[in-house]
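Heads up, there are several structures right after this.
There are two complexes below, and they share chain A, which is joined by chain B in the first and by chain C in the second.
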Partner chain A sequence: MWVRAWRKFLRNKLAVLSGIFVVLLILTAFVGPFLLPYTYDGVDYAAVYQGPSLKHWFGTDELGRDILSRLVYSLRTAMTVAFGAESITLVAGVAVGALAGYMGGRVDNLLMRFTDIMFAFPSFLFNVMLIAVMGRGMLTIFIAIGLTSWVGLARLVRAEVLKIKSREFVEAGHAMGASHWDIVTRYILPNVLGPIIVTMSFGVPGAMMTESALSLIGMGVAPPAPSFGALITAGQRFVLSYPHMLLWPALIFAFTLLAFTWMGDGLRDAFDPRDQ
Partner chain B sequence: MLRFLSRRLGFMVIALVFVSLLTFILMHMAPGNFLDAKRISSGDVSGDEQASVDVIAEMEKRYGLDKPLYIQYLTYMKGMATWDMGPSFQFPQMDIQEIIAKAFPVSLTLALFSVALSIIIAVPLGILAAVKQNTVWDYCSMFLSMIGNSIPAYVLAVFLILFFSLKLHWLPTAGWTEPKHVIMPVLALGLGSVGGIARYMRTSMVEALRQDYIAAAWAKGGSFTRVVLGHALRNSLIPLITVVGPQLARLMVGTVFIESMFRVPGLGSYFTLAANTRDFPLLMTSSVFFAFVIMMMNLVVDLMYGFLDPRIRFE
Partner chain C sequence: MGELLRVEGLKKHFTKGRQTLKAVDGITFDIRRGECLGLVGESGSGKSTAARAILRLHEPTAGKVTFEGKDFLKMDGPQLREMRRQMQIVFQDPFSSLVPHWSAGANIIEPLRVHKIGTQQEREEEVLRLMELVGLNTKAIGTFPHEFSGGQQQRIGIARALALKPKFLVCDEPVSALDVSIQAQILNLLQSLQEELGLTYLFIAHNLGVVEHISHRVAVMYLGQIMELAETEELFHHTLHPYSQALMSAVPRIDVDQKRERIHLSGEIPSPLNPPSGCSFHPRCPVARPECKAERPVLRDVGSGHWVACHLV
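Now for the complex of A and B:
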């Protein structure tokens, strides 16, 4: 399965290019800060509102802060939040989904009604309120996003587990006396890994969007720490005089999201069991 | 039918109670409240301690914050049930139902205009993509759906601002006082949904064109207008409701960010403000109201689906 999926992924040029771009973005986000000549909050009143130049590749903002540095740190914020939120999603979604699907009966019913309500509740409202409770900060944001985004994965895992648990090889496992834990972790879950990876790869840009949306309405990471959403809000204020302050954050953010989505598309096609 | 409706409405009530409870609990777990913020901002901390304590006690009494929590909760719920929520913290001169009555039509206008815009563009595009597969129309709809799926409305809004305000000087960058102000928020919200709806339209049109009765219609010598726009379109529009409905609900939430970007005084702006300033009554009402609108929309979509397609039975 893995070799076939990998070969199929490699045949999709757009997905491979996006994958390379994603790796570069991750490197930029986590290694970039050490290479930058400026910090994200280094104020320089002698160099405010500068357009792109050799010294400041993407120009400077209203306080003379280097926009490139702020973009790199925004990317880091987005990535940290997204990966943090996705790990919560992974643990909660797989645990709840596998439990509901494998146990069936009353446990299944209870867990699924709970996900129904979570589904009906607009997760964005929940995010805003959780952040109001826990305070603004990187950690609280990814916890809030993680707590609201596991529902979809839980439903997917449950459906897959239901499909797989009646197959012969699982029955063989039962017959050989494997424990429930072994059945779930060794027999069933490895077969659900494909759909899980695909969901997660779409979850990352989704979490990034939520993070910057929260920061757009003033509920994201606390300033002066940058985020794409905060940069866009700031840039919009000065757009008529200094458009570079708005253009770069939006453009870089858009390409980041596109790269993740295209890579996700490639992964989805690669793991699609329908065409062999 | 009646059983279906009563079960759905019952579920909605339970979900709304859940939402209100969650909001209430989260609200009261939050460190600090509106009055603290007020005290700090008015500089009373260093001044006359006793006077400010008295004022706070007085205000707490007026807003019922001195009562036990369950009484406070029940008061909120009673207020919402009778549509009389009392004044908000932030706007003491206005009752909350007045704020909602003023702000909700604004958000609804945005959402309805954007849905209308996306349908007007998406349906013809979807038909063209289905009839002329693998042509420029097909790729155009694919491109738009990709953009719409991966780039949020507030980022699209940036490119619209750069184009219409900076480059062409046609539209103001933000505000909500003249009709001109409606254009960019609606474009930003609507364009994102065009691709998705067009792709869906294409799929269901392709499906409809494969049916026997369409072959019969062609065989009888029906024109393009008659066969495609008369017979096939009618049947391919039904599944469209399933995407447009959730889209409308998504737009309602999406308006929160677009409203904040374009400074539109809609429900989303008030919700954000309420959360940022710990305006408990306003936050409580707006979050329950949001949830109510979204669930109601989903229910209406399900009902319409059944009315339009007689093959569907409610159970």
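Now for the complex of A and C:
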């Protein structure tokens, strides 16, 4: 299954290109800050509102801060938030979904009604409320996003587990006396890995969007720490006089989101069970 | 031949809301050591559910299963696990019965891993021995299930079932999903394994031809109950129950001198959600009488181990 999915993914040029771009973005987010000549909050009043130059590739902002540096750090923020939130989503979604699907009956009912309630609640409002209660900060933000985005994954995992647990190889496992833990983790879940990976790869841009939306309304990471949302918000104030301040953050952010989405598309097609 | 397994009044009901589906409704029989008991019936008669209830893959609603004199249904924990080593199952769909993301070797070795039998090296040697035993090429040890043909997949399933050296094997329609030319190979394999290893089979099938070939005794099931049970020879030549007679008349025969009339049953098997009163076969029975509607006939011995549940016999 893995070999076939991988081959199919490689045949999709757009997805492979996006995948390479995603890897580059991740590398930049981790290594970039060490290679940059400026810090994200280094103020330089002698060089405000500068357009792109050799010294400042992407120009500077209203306080003379290097936009490239701020972008690289924004990328880092976005990655941290997205991967942090996705880890919570992964753990909570898989645990709830697998438990509900495998146990069935009352446990399933209870967990799924709880999931329904979470699903019905406007998640952005929930994020805002959580941050209002717990305070601003990176940790709070990804906990808030994680706590609202596991619902979809839980439903997906439950449906898949329900489908697979009636297959005969699961019965064979019971017949030979394998433990429930073994059956869930070794027999069932590896078959759900494809859909999980696909959901996660779509979840990353989703989490980034939510984070920047929170920044836009002033509930994101606290300044002067940069994030795409904060940069775009700042940039749009000066868009008529200094368009580079909006252009670069918006472009980079858009490409980041697109790359994750296209990669997700490729993965979804690669794991599509219909043409296996 | 002594008795290995005894099933008494076994019931498996599924409840959903206010409705109860009586998939298996009180079946009683024994299986003797080293024999093959065939269990036949149409789809929906409860054969597979009965087998799964015996192995406790579905927990039975009521009844008793005794294996070598021990009450299997009362066991739990380590005792149950230990007992599972004695009773294994071969499934109908050979592909679906194998873990798809594991190689053939990994599938066969799994029972040994679960029961922590032997060292890794001993296990690997055992897998090779099992593959040879069921007629698989040992070079295919690292090959994945979907790369095998149906017959080979079923051989892997059989090897896995034999890994724990069980005494009792349930074969749940093991050949019905296979190509006709392959069916005979798998049947012959199961038969020679039985002789070689002294296994006891509960062999489920809806094809009487298959059952006649492999079984020592045959039980006929209809709507969750056993209608008739006898030695294979006896059942095929002195069929007593009207339902069994209808089944027998559908078996194609080569001998022309024996003129037989095909008995056509009208209608479908009734829903086990709402089974008929009295004898569950009476709405489709060509010779039903008023008492058949009123009272459920009990399975009784009519001589020399031939059991029938019918008012007319």
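Just so it is clear, the second predicted complex is superposed on the first by the 276 of 276 C-alpha atoms of A that agree within 3 Å, B and C clash if a C-alpha of one lies under 4 Å from a C-alpha of the other, contacts with A are read in each partner's own complex, and residues count from 1 in each chain.
Keep in mind that, in the parts below, a contact is a pair of C-beta atoms (placed from the backbone, for glycine too) under 8 Å apart; a residue touches a chain by one contact, two chains touch by 3 or more.
This one's a predicted model, so the numbers in the text were calculated from it and none came from an experiment.
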| item | value |
| --- | --- |
| Combined model on chain A: chain C and chain B, fit or clash | fit |
| Chain B versus chain C as contact partner of A:Leu246, first or second or both or neither | first |
| Superposition-derived comparison: chain B or chain C, residues of chain A touched | B |
| Contacts of A:Ile117 with chain B and chain C, given as first, second, both or neither | first |
| Chain C, chain A and chain B - angle at the middle CA centre, rounded to the nearest 10 degrees | 100 |
| Which superposed partner A:Pro190 touches (first chain B, second chain C, both, neither) | second |
| Touched partner set for A:Ala175, first chain B, second chain C, both or neither | second |
| Smallest separation of CA atoms, chain C relative to chain B, angstrom | 16 |
| On chain A, positions contacted by chain B and by chain C | none |
| Of chain A, residues touching chain B in the complex | 116-117, 120-122, 124-126, 128-130, 132-133, 135, 205, 209, 212-213, 216-219, 229, 232-233, 235-236, 239-240, 243, 246-247, 249-250, 253-254, 257-258, 260-262 |
| Chain A contact footprint on chain B (complex, rising order) | 11-12, 14-15, 18-19, 22-23, 26-27, 29-31, 146, 149-152, 154-155, 158-159, 161-162, 165-166, 173-174, 253, 256-257, 260-261, 271-272, 275-276, 278, 283, 287, 290-291, 294-295, 298 |
| Residue ranges of chain C touching chain A (in the complex, touch as defined) | 52, 55, 57, 80-81, 84-85, 87-89, 91-93, 96-101, 110-111, 114-115, 157, 160, 164 |
| In the complex, chain A residues that touch chain C | 1, 167-169, 171-178, 182, 187, 190-191 |
